[in-house]
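Below, subunit A partners subunit B and then partners subunit C, in two separate complexes.
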Partner chain A sequence: MIRDNNMIELIGVTKQFGEMTAVNHIDLIVKEGEFMTFLGPSGCGKTTTLRMIAGFEEPSDGKLFIDHEDCDNVPANLRDVNTVFQNYALFPHLSIRDNIAFGLKLKKLSKEEIDKRVNKMIELIKLEEHINKKPSQLSGGQKQRVAIARSLVNEPKVLLLDEPLGALDLKLRKEMQIELKHLQKELGITFIYVTHDQEEALTISDRIAIMNKGNIEQLGTAEEIYDTPKTKFAANFIGETNLLTGYIVSQDSEKTVVNLHNQILTIYDADKKYKERERICVCVRPENMHFVDYLPDYSEEKYNTITCIYEEQIYIGNLRRHILHTPEGEPVKITRCARKGEVYNRGDYVKVCFSKKRCIMVKDEEV
Partner chain B sequence: MKRKLGPASVFYVLLFLILLYAPIVMMVAYSFNNSELDMGWSGFTLRWYRELFAAEDAKKAVINSIIVSGCSTVLSVILGAFAAIGFHKFDFKGKDLLDSFFYIPTIVPAMLLGVSLLSLFDILHISLSKVTIIISHVTFCMPICFNNIRVALNGFDRSIEEAAQDLGCTQLQVITKVLLPNLVPAMLSGGLLAFTFSLEDVLTTFFVAGPKDTTLSMYIFGQMKAGMKPTINALSTLLIVVTVTLGIIMQILQNRSIAKSK
Partner chain C sequence: MDKEKGKTKRKKGVLGNAFLTIGPMALWTVLFFVFPFIYIILVSFCSRDQFGNIVYSFSLDAYKTLTKAVYLQVIGRTLKMAAIVTVLVTLIAYPYAYICSKASKKVQSLLIIGVMIPFWINSLLRIYAIMNFTSKNGLINNFLMGMGIIKEPIQILYTTGAVYFGLVYSLLPMMVMPLYSCLEKIDPAVLEAGRDLGCSSRQLFLKVIFPLSIPGIMGGLVLVFVPAMFNFYIADALGGGKTIIIGNLISSQFSTAKNWPLGAALSVVVMLISTVLIFVKNKIEKARTYS
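Up next is the complex of A and B:
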């Protein structure tokens, strides 16, 4: 057998609950030591996929391999993966120490070995003074640390995290994200992380799988997904974006010509092949959208220009967000440095532009 | 907004409390009254308690009650726990129907339960003894325990069971290592409730008891036929002390298990 470093392999994995298809024929490979995030709105199948890897759900169809072992009919307690639950799921009747030692005791390790590993873990999560307390005496952040320690102490091949920071407040969540990221790099264990928070996904992941309606819409690094979303859903879900609908006029090897409500645009993106007159969306990130009046190096060769109607501006600390809309009513957002004092009035016709190279196209579809 | 009670309301509440508790207070007081008759106060005495402890048949009744209530409580808790865990873990046909069947013995009038159990034992040719009392008491004590444990299980986070499995527990170990330890408060409070129900039951017991198996409540009931004796006051006072103590313990346990699950 060829030994690659594939830790998790999903081949055509499907899960049906009655009539409803929660996970629809997913193929995915997670590499050893990778931090993979399943990102998507609720009901997209991300948690179900995680639960199938953990062994809490049986796939209706397809194959699942953990470290090259077929997991068909392997119950959760015999899989070398551990799960961190959103609501911590600590054992209320056991002390923190006994919670962490739970898995090792079941493996019947020697007392010295258990003590050694538990102590090391308690040190790692910095909860030395709480080891004899019961879970109910800890705060949310502390409980989550215990839950992570309880899983990691078993040195699993893969750690599965099901929205582990969902119940924490924003500040603590941001701290824990960094902590988790460091912990993962330090231990070199494969992490699979489920979240609906796109910012969290961008912060901590090596790779992100964007899921929607039981499918993986796009798989890639944070940068890849942010800069080159492959579908309208991915473009919309990650970060803010302007989506302008139009259709293809012509395409050659380096550029595509698009008709956007009778304004002809040229886009230097020919990676994806489209048919003539196919309906598409041009995606431009708000930070790549400019006012022609305030762009010193503006030229018609470099920029696509459209006319919009100004609505209002919103001040958000370091940034200022300008809200406009096209004559056809599509919203257009522009983010600018707050210090720059561009002033327009509601109803003004404003020329805005974006670089012909800094935009991409996705197929126009229902999302 | 909480408002203060007006004088009329205070009067009403006081009247209510007096009606509720005066008989009990009177009985406790008369158990220390140095008079054969339940009329007037003629000094403090522990005479009735001494007489009570000297009475052989009273002692026997207490022992019988402890055996009967003890056994039926233990059995009820075990059966109730099994049933509740089964209900929690599995889905099966007729689950709802079975659920409501469990409650019927607790709402059927005790006398009817006694009559029907008596005819059942008669049909099966089981001679009446302590065993038949215990079986009868289990029929109405088990649902109490079952219900108590079931409520505790309903509030129990399923992901805790999954976490146990995830960390290496087999299905059986999930029950022994995680579910049962967390159900101890519910089992104890259910057991205490069952114990008090069993201890005070006269009607059902009356039908199914063997000739030598007089329980405490039956003894008290029997003594009343011969007229109100002060020793009965003493005995009833002791019974009240026991049940109230059990009730308080049960309340504490329940509060603790609620606090724990939060």
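Up next is the complex of A and C:
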């Protein structure tokens, strides 16, 4: 039998809590050695999915395989996965060393083997001088390292991380993100990471599963998800975006013609098929939106042009964010390099444009 | 109106307010705890005349009397009894508190109320109720005879067993409450972490839950052991005065025997034992947190 390198397989996995469906018929494959992130707002089912893989929750329906083994009725303690919890969940009564050695001691490994692996782990997380302290004596970042070490020392097939950096301050969080990513590449262990922070997801993941209301909205690499969101939710949730509502006029094999409040636009995006007059949103990232006045190579063939009303600009250091709105009241944001210093006044009518190739369409739906 | 009142009060200054709030409490403590405490220590170093009046001159008579074998025996017996009661209470309270902490919120409050309500009724009254149940023609004997299990009523009341039962029964909440609050505080994520790292249910209890509940047990130990050592009316009522322990010995020195210095000296000894106990408990707790 040829074995594929699927580490985790979810087939139609559903979880219901009473009347509430937390996870709704999810299919997902996570490859061996992959860094997969579940990204979504709170209550989207990402943590529940993770807890089902860990074995803390039983799926109401569907199948779950870990390394091709059916996990039906396999309790958490017998699954070859380990979890890093959001609030660390270190054993308060044990020293750092004993916390890390906990899993190995349960496996009844020899003392030499345990010492060897624990020492290696402590070296890896750079906490040598703290090994005899209790968790309460460590800082948040240190606790998080211990929690990760405590899981990784068991060399699990999959490491599950439930918003592990949620309680850390921004600077430390960014450092830890990079550290985690390096650690994962170094050890080659499959990571499944849950977060609601889209920037974090883009930074660390090989692939991202965007979840909403118990469903996976989109699955793809960070670039795929950022550049070609498949749904309005995905477009909105990842990064900033301008959503302009309109309807389809016509579509052929290479381009789509859209009516945006009686302005006709051409979009070179024909991947998704739409019916005539179907309501859609045109998504343009703020960095792909330009002022016609400040675009030297502007031409009507290359760019779609719309007229907006200027509101204000916000200076954020390296960038300047311009806020405008369409005559119909839809907000339009443009981010530009700060030093370019365009000057408009509130209420000015301004022509803005975006490349016909650098925009995509998603179905207009309630999100 | 209320706001203005608050303003004028605040103008009196911090000290005035502090006295208003803590003052009555401090006065109460000094009057009813500190003075009697000092008085007892003083009396223990006095002697008495043949009529039982206290002679206020320094003497170690009372403490010398205590070194007699008969008194040492009483102290030993009391310590043994308190120790056994503490062990029994712990063995019963642990599963109860554990079930409480695991149960749903509704069941939890029911179980806790179940322990607390009897506690609100005067303990002497409850002891009388037990006497009623256990006497020769009480409920238990009547029931057993009615069922034909026994022919003659058995002696339950006025035995050492009855005293043990009374003490365990009265002191149970003192162990259940600290244990419950300790078990209930255990972070469910920590238990999940234990599972995640490979614990079976038994291992989870032995390696995570039990060690984390030790502070609760330690708290309970002091709350049970010390009152078990001091108690006198349970031994009197349920033991029929046949079981002499420090508690009823002290009470008899102050009442019938009219030997206040001896009673006071005994009290001081018990106080010292409890102080040492609490001291040791604190030491152990400190060692556990900062090892």
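Everything that follows uses one rule, which is that the second predicted complex is superposed on the first by the 365 of 367 C-alpha atoms of A that agree within 3 Å, B and C clash if a C-alpha of one lies under 4 Å from a C-alpha of the other, contacts with A are read in each partner's own complex, and residues count from 1 in each chain.
One rule holds for everything that comes next: contacts are C-beta pairs under 8 Å (C-beta built on N, C-alpha and C of every residue); 3 or more make two chains touch, one makes a residue touch a chain.
Treat the numbers as computed from the prediction; the structure is a model and nothing was measured.
**Q** Record, for the superposition on subunit A, whether partners subunit B and subunit C clash or fit.
**A** Clash: subunit B and subunit C overlap once superposed on subunit A.
**Q** Report for A:N87: first if it touches subunit B alone, second if subunit C alone, otherwise both or neither.
**A** Both partners, subunit B and subunit C.
**Q** Check whether A:N154 is in contact with subunit B, with subunit C, with both or with neither, and answer first, second, both or neither.
**A** Both subunit B and subunit C are touched by A:N154.
**Q** Should A:A76 be classified as contacting the first partner (subunit B), the second (subunit C), both, or neither?
**A** It touches subunit B and subunit C both.
**Q** After the superposition on A, what does A:S95 contact: first (subunit B), second (subunit C), both or neither?
**A** second
**Q** Give one of first, second, both or neither to describe whether A:F56 is in contact with subunit B, with subunit C, with both, or with none.
**A** After superposition on chain A, A:F56 lies in contact with both partners, subunit B and subunit C.
**Q** Mind working out whether A:Q177 is in touch with subunit B, subunit C, both or neither, as first, second, both or neither?
**A** Touch partners of A:Q177: none, neither subunit B nor subunit C.
**Q** Looking at the overlay, what does A:N304 touch: subunit B (first), subunit C (second), both, or neither?
**A** So A:N304 meets neither subunit B nor subunit C here.
**Q** Would you mind listing the overlap between the subunit B footprint and the subunit C footprint on subunit A?
**A** Shared contact residues on subunit A: 54-56, 75-77, 81-83, 85-87, 89-93, 102-103, 106-107, 134, 136, 150-151, 154.
**Q** Show which residues of subunit B lie in contact with subunit A when the two form their complex.
**A** It comes out as residues 157, 159-160, 162-170, 173, 178, 181-182, 259-262.
**Q** For subunit A, which residues are in contact with subunit C within the complex?
**A** These residues of subunit A touch subunit C: 54-56, 75-78, 81-83, 85-87, 89-95, 102-103, 106-107, 132, 134, 136, 150-151, 154.
**Q** Looking at the complex, which residues from subunit C come into contact with subunit A?
**A** Those in contact with subunit A are residues 187, 189-190, 192-200, 203, 207-208, 211-212, 214, 288-291.
**Q** Give the list of subunit A residues in touch with subunit B in this complex.
**A** 54-56, 75-77, 81-83, 85-87, 89-93, 102-103, 106-107, 134, 136, 150-151, 154
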